[in-house]
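Both of the next two complexes hold subunit A, though its partner changes from subunit B to subunit C.
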Partner chain A sequence: MFSNTREGLALALPAAIFALLLFILPVGILLSEAFQSDAGWTLSGYTDFFSKPLNQTVFLRTLKLGVLVAGTAAVIGYAAAFSISNLSPVARGRVFGLVILPLMISPVARTYAWIVILGRTGIVNDALVGLGLADTPIRLLFTETAVFLGLLQLFMPLMIISLLSAMENIPRDVIPAARVLGANWFQVFFRVILPLTKEGLVVGGTLVFTGALTAYITPAILGGSKVLMLETLLYQQVNVSNDFVSASVIAMILIIMSFTANLLLKRIATARK
Partner chain B sequence: MKNAISLSALCCALATSAFAQDKTLTISVYSFAQDEYKEILYDPFEEICDCTLVVETGNSVERMAKIEANASNPVIDMAVIASQDALELARKDLLAQLDVSKLANLSKLYSAAQDPIGDNFAVGYTFYASSIVYRSDLIKVNSWADLLDEKLAGNVALPNITGTQGPLTLMMLDKAAGNDGSDLTGVISEVGKHADDIVTFYSRSSELTQLMNQEEVIAAPVGRFAWSAFKDSPLPFAWAEPAEGQAGGMNVMVMTKGNGNEDLAYQFMDYWLSTEVQTKVAEALVDSPANAEVVVSDEIADNLTYGADLINSLNLLSPAEIIDNREAWVEQWNTEVIQ
Partner chain C sequence: MKNLTSWAIIGLTLIFLIGPFIIIIFAGASAGESLAFPPDGLSLRWYLKVFTIESFRQSFVLSMGLAIFGTLAALLLGIPAAYALNRYELPGAETIRTVVASPIIVPGIIVGLALLRYMVIPLDVTVTVALFMAHTALVLPYAVRVVSSSLNNLRSDMEEAAVLLGCTRLQAFTKVVLPNIRGGVLAAFILGFVTSFNQVPVSLFLSGPGVRTLPIDMLAYMEITYDPSVAALSALLAFMSLAIVFIAERLLGFSRYV
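And now, the complex of A and B:
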């Protein structure tokens, strides 16, 4: 495309300098703090972090909720994407608009909406008490369930968009052909749809899992200090304890978890070839 | 000649104006009620001193971190923080010992506010009582022990131990259990046993206001400074007067060591402590006065931590005790309560 590589490099240089100075350098300095002590380079920040029971609990809870949110989003996302992909072009456009609509609303507003729904005087409790299923309002806020629902609602559109994009690339006659040849819907999904949409699943899974790990507002509002996740713990370490070493350790753990999830999903997708 | 004189006068005026602009005092304060403070304190002081006041706001941790990071060349001249935070800064050798002879209004303060952390490293400017806010149409709170009572299970929020209200609440829970409130390890374990009955452990009073107005919580300990947010609510809230009494705390003024702006800082601190300013701040329901000469109406007093009788009756937790034990308390809290 370019007459020589210099032109290409020259065009990329401003963005590269921007990324180096304003992202890689400051993040690198911050993360390097997690490997430093007065005596020099060390891993003691990590061993100290994982030696504390609270941190172990928070790490496992974050991992569990990340996997649950990504897994549930994939199950619901496949069903939604499949039905949307079979709509007429006009209807598909409208439904797709509805899917991305939540992305245009602030996560803060979306999360506060859950307080209205899950609160003691919220819609869910009103219905439970009104139908006689509970004598008194049950505790839904500040639970893992509330955080799970909030995160699922927050990131579900990303999974649906990724899967829909992959599903639209499936040739239209492949699924009818599989059905004509005797495959049931279970076989059609695992032998036809899943292999042909694995790239979408990898992208969607990574986006949802990473998003669930790194979300702050939703776990902070719906979980509070009783359902700490790594991101809310990181905030506490900086703003309450002024402990930047622990905060750097948490940041590094979140980065490693995100990269690992992406590699794992790619590996699973490749293995199914 | 006339023109030359006019020109000289103009030059002098400009020079004076430029000199006034050069006099700058940088203060570090809590974020709340800044509009009221601007009107009552900052703007009048700028007129008096013919100087510029630079106001930095933020939470205590952020502001303390900034003071520590700029220890060799302070960017903050004076700050207002909780007494235990002041002691922590003093132990790190970041604060100047105050020359109290430059604070003419010091003698007007309640004695507890005159040298709250020792060695004149700080001077108190406001007291706050800490008790329990509750829904008076649903329950009646008579004791701090009610917070852990089975009858209120699932309806109570407690302050997190990392905030100023946390240790005060634990001290009072310990006293309600028949102890002296000095060793909090037992009461932290007790809270841990009831952790599932606590709705949440809040970090900011604004968070609690929201929870109580949404009817998620019907009783919680909170500082009196937050009472104004409850008293105007459509829900019936009451301020408990528990059998064990109310807890109390104090916010203080400090001056950073070697800031080079000491005279202006003393002038500002003394103005803040004056009867005039402390009365206006109290009447605006912003902060309760530490100046004993302040007189306010009964209606205003009802909303404040006001008067010698009340202030002398408060259960105080010594700043040194908080600093010496905070790390161990937080560790135990994280293991037995939050987890």
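And now, the complex of A and C:
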């Protein structure tokens, strides 16, 4: 540790000032915009925003999809992470590589694939019509299901990674021990695995939930204007309606959610040390 | 039996995660006019056509430039900051850390909008400059974090010894510290590059005539046509990212920094 404070500040401050001027200041002004009116400070931006049915729908839909995606990712994530953690070290490394591989690919590319799968002439519709289950192609794109699938595929690796690292902390013998002592798999999961991995679940859940909440590309491509989420609504408010007060309200909602999630993650990280 | 169930679960999960990517590769290799899977015959025509689309070429150059220079700028700001936060007792270190990390917490679309409203329009800054600033800010938290973690692993008595032996602080940094954190810096560069290159929300509002990042250009192109060229381009870009990460992993065990 060096104690020359002036030298240290000279090194650290350029980055901090850059972030402050280019980031915190403009975002702060944007957030304050909803509170200003000709008559001074006001909350009417917020009350107006939440009084519109469309905005309520979009707000609730965004939360709902966030919870559904995080919940489903947790269920599949536990099954996958548990299976992966039982593999031999070499196989585990390879499968782990395949799980994180999608994270390096552009979200545009990953979302675009779902158009091929769910489109009018996509794989699913071809199969449905071919098998005689549907007379004409059904609309799968621009539905909540499409957005749900896209988000799930986008963020599931984060859940699996978090759960896998939590499972490393389960002592090897506790599960066989619980089994020998008469616990069924249901009990093993809820009494042994879950308590020992709940930190990983919270970390993964928070990452997936905030990821889904603040996603733009997936709802834009797979939901369009039929299935708006908060980010696509924000884009529309600015580019179509020129409504910067609503945009500012949405920005505030997104930042509060993201900030809370980050506080939670930070607390878990410090509790661990 | 238990093994079989395990592999079935892993297999299904991997199909869900990677299957769409494989579909994209083949959909882009279609010989037909429209996007379909299975493709109507195989050909490389769409993979080749991508290179002849002028707007893709322009936006590719812009995205490359932003990713390279934005990340370099973030490292120029981030390395000294990470060093100071690790090695000096600073007043308000926690505040500085939070401020520098803030771009990770604020959703990108908000940053783009804020910069457009309060920098590009009132200060008459060009969109390209705003994009450069935004991408630098976006990569800064990663640069600080990755470089910090590699500084953490480097004992500070080495540079103290160098100073005692007559180096100036700067020489101690360039001759002792920098060579030792080279891997971390390179990892930060790669992580920053991939993050910046694939970034959409920040750049959404920051586009002007002839100035669009590649992912934004692809989104715009998708709205006009459904031909397989976007699939082909997506596959090419994915291969590029994977190649970079693969080489990085081979050279320096990239994954331990992320």
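Note that in this section the second predicted complex is superposed on the first by the 236 of 273 C-alpha atoms of A that agree within 3 Å, B and C clash if a C-alpha of one lies under 4 Å from a C-alpha of the other, contacts with A are read in each partner's own complex, and residues count from 1 in each chain.
Here, a residue touches a chain if its C-beta (ideal position, glycine included) is under 8 Å from a C-beta of that chain, and two chains touch if they have at least 3 such contacts.
None of these values were measured; they are calculated from a predicted model.
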{"item": "Between subunit B and subunit C, more extensive residue contact with subunit A", "value": "C"}
{"item": "Which of subunit B and subunit C A:Ile115 touches, first, second, both or neither", "value": "both"}
{"item": "Touched partner set for A:Thr143, first subunit B, second subunit C, both or neither", "value": "neither"}
{"item": "Contacts of A:Thr72 with subunit B and subunit C, given as first, second, both or neither", "value": "neither"}
{"item": "Subunit B versus subunit C as contact partner of A:Leu54, first or second or both or neither", "value": "first"}
{"item": "Which of subunit B and subunit C A:Gln236 touches, first, second, both or neither", "value": "first"}
{"item": "First, second, both or neither for A:Gln36, with subunit B first and subunit C second", "value": "neither"}
{"item": "Contacts of A:Lys226 with subunit B and subunit C, given as first, second, both or neither", "value": "first"}
{"item": "Overlapping contact positions on subunit A, where the subunit C interface meets the subunit B interface", "value": "115, 119, 121, 238"}
{"item": "Subunit A contact footprint on subunit B (complex, rising order)", "value": "59, 61-62, 64-65, 154, 160, 162, 195, 198-203, 214-216, 330, 334-335, 338-339"}
{"item": "Footprint of subunit A on subunit C - complex, ascending", "value": "5-7, 9-10, 13-14, 16-18, 20-21, 23-24, 27, 34-37, 77-78, 80-81, 83-85, 87-91, 93, 96, 99-100, 102-111, 113-115, 117-119, 133-134, 136-137, 140, 144, 156, 169, 194, 197-198, 200-201, 204-205, 215, 218-219, 222, 226, 230-231, 234-235, 237-238, 241-242, 245, 255"}
{"item": "Complex interface listing, subunit A residues touching subunit B", "value": "52-54, 57, 115, 119-121, 139, 141-142, 224-226, 228, 236, 238-242"}
{"item": "Interface residues, subunit A side, partner subunit C - complex", "value": "1-5, 7-9, 11-16, 18-20, 22-27, 29-30, 76, 79-80, 83-84, 86-87, 95, 98-102, 104-110, 112-117, 119, 121-123, 153, 156-157, 160, 214, 216-217, 220-221, 231, 234-235, 238, 244, 247, 251, 254-255, 258-259, 262"}
